[in-house]
């Protein structure tokens, strides 16, 4: 555990110093909501439209962030320095994925209120607890796949393109699950109940991909 | 403190080591034995494979053929066990430039399970104590190299692998290197054939293969 | 190889003869329904090929033997071609049967499209990595992750479509006996076709490697250009 927490602390500290990931994602999300506000030409959105706008925006913001996950590691061979230590490569992946999850959470602290202000109607306040639950599960999936795909694309040419090309299809089940789960929360007459089936699917996806990513990540790092 | 290999067992044993890049040969037919405590000098022109050889020994690259034994452990199967006991100083510092020297070294200390006090000692030894909390990107190249040296010996490795160690050092710092390396088995690469006098074993490499020292640099 | 090819041709011809002459004509859709015997086997073999690519990739990572990477590459490559065939025949069928080239509410079509888009990235990924050893390794990682993704994706999209229109592909579950026979023979023929084509491609690539090796030994300066295929 200690190497993982040391690595995690390194990730968070690096982000704090360089501010590569979080501000870009947050800015992108808020700007996109503004664009939607004007583009959709509605005062408020609800139901499946609201859920769709929220999740598509968060997903694209996540792809933007995922592009930059390994930038500091690639400079000066810093990641190799870590690889020289007797540390399980899995710890590297876990630290990266947990850090990405934290970054997504920080972005959502800004983006979700912006979403409420710009796009949702006044009655949507009671959606918050359910929304939090969906955010946690969906963010876990995005963090896992984002860290994995970013690790794959990081030392290739056309890295930006590859992260999106690989990440978006893989994350489609998360979008489907998250959007379906969030739709009743944004219903016009007040938040409905959280559909258990979709939460279960999100959870299952997180579990399966978490295991696969952990099994496979070593192979990305050993030369 | 790592247990050094017993005097009888060699620090490095290579037999027909091979490493390819696609169809191109990066290393081939490299065989040697290096006794514990001795110094190996690897000479050769650019592109000869010196850095590749060091990286294989450092467990950063897998051998594609032949056998490699470092400190008694077979690579790549026992890479895990070997990493504790080797230190590698490459062309790049292998440090995070947005973090300070202290933060970088503390990270490596935690990863190698070395006490935090050792970080402070080393910072003093390499002369970085005054600027230990400034991010590495504010350092001069010589200072970065000093921090890299500290990283290399932080966990008290029995074997150190140094890829052109004098390349980025500022003149005053050349003295700090020797005491930190004392007593360790070393593999050093260099362009300068004159250094062969101070080495115990010398390996000449040309286009990835072992070569006699005469005519090593012939065109 | 020759036996395999002959067997493939024989099976396929039998299959389609059965489909056209033996299986009963569909009461509602008529002749257009026959495309089902082409489209569904194509789809099943393509999906099977993708998953097989993942399994072969596991072997590659376990043994580090490059021949598994070649097999994985060919499996996915061929499955992608069969996938194009699936999408085209599916589209033709949709157009002929329901007047639309594409149906977003048909979960199978949508899932298939997603999987296809994902695997279409396999070659760009390979092409983007120059170091051949790393290219093979990363491609195997991708093949494994994507192989796991295939069933998950179908499950997720299926769940998403609660209101499946009754007249869709599920109508094929009510096939009479002779039609099932034709279908299975068609499926077998398609599998044989896939395997035969894969074998041909692997053989062709092996010949090319051997040629390169010989030329290198003769002293020619042979440099393999950057490519997405295993070297």
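A, B and C label the chains in the order they appear, each numbered from 1.
Methods note: a contact is a pair of C-beta atoms (placed from the backbone, for glycine too) under 8 Å apart; a residue touches a chain by one contact, two chains touch by 3 or more.
This one's a predicted model, so the numbers in the text were calculated from it and none came from an experiment.
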Revision key, fill the gap. The pair out of B-C and A-C sharing more C-beta contacts is A-C
Point to revise | Reference chain A; chain at largest CA-centroid distance | key: B
Check your understanding: Chain with the smallest distance from its CA centroid to the overall CA centroid?
Key -> A
Point to revise | Whole-Å separation of chain centres (CA-atom averages), chain A against chain B | key: 39
Exercise for review: Let me have the rounded angstrom distance from the C-alpha centre of chain B over to the C-alpha centre of chain C, please.
Suggested key: 48
Check your understanding: In whole angstrom, what separates the CA-based centres of chain A and chain C?
Key -> 31
**Study point:** Interface hub residues of chain A, defined as touching at least two other chains
**Key:** 223
Exercise for review: Could you tell me which residues belong to chain C and also touch two or more other chains?
Suggested key: 133
Exercise for review: Could you pull out which chain C residues touch chain A in their complex?
Suggested key: 61, 114-115, 117-118, 121, 124-125, 128-130, 133-134, 137-138, 140-142, 144-146, 148-149, 152-153, 155-157, 159-160
Practice item. Spell out the residues on chain A that touch chain B in their complex, using ranges where they run on. Key: 2-3, 6-7, 10, 13-14, 17-18, 72-73, 75-78, 80-87, 222-223
Exercise for review: Could you please specify the touching residues of chain B with respect to chain C in the complex?
Suggested key: 20-23
Review point. Residues of chain C touching chain B in their complex?
Key: 131-133, 212, 216, 222, 224, 231
Study note, to complete from the structure: The answer for chain B against chain A in the complex is residues 58-62, 76, 80-81, 83-84, 86, 88, 90, 92-99, 103, 107-108, 110-113, 135, 151
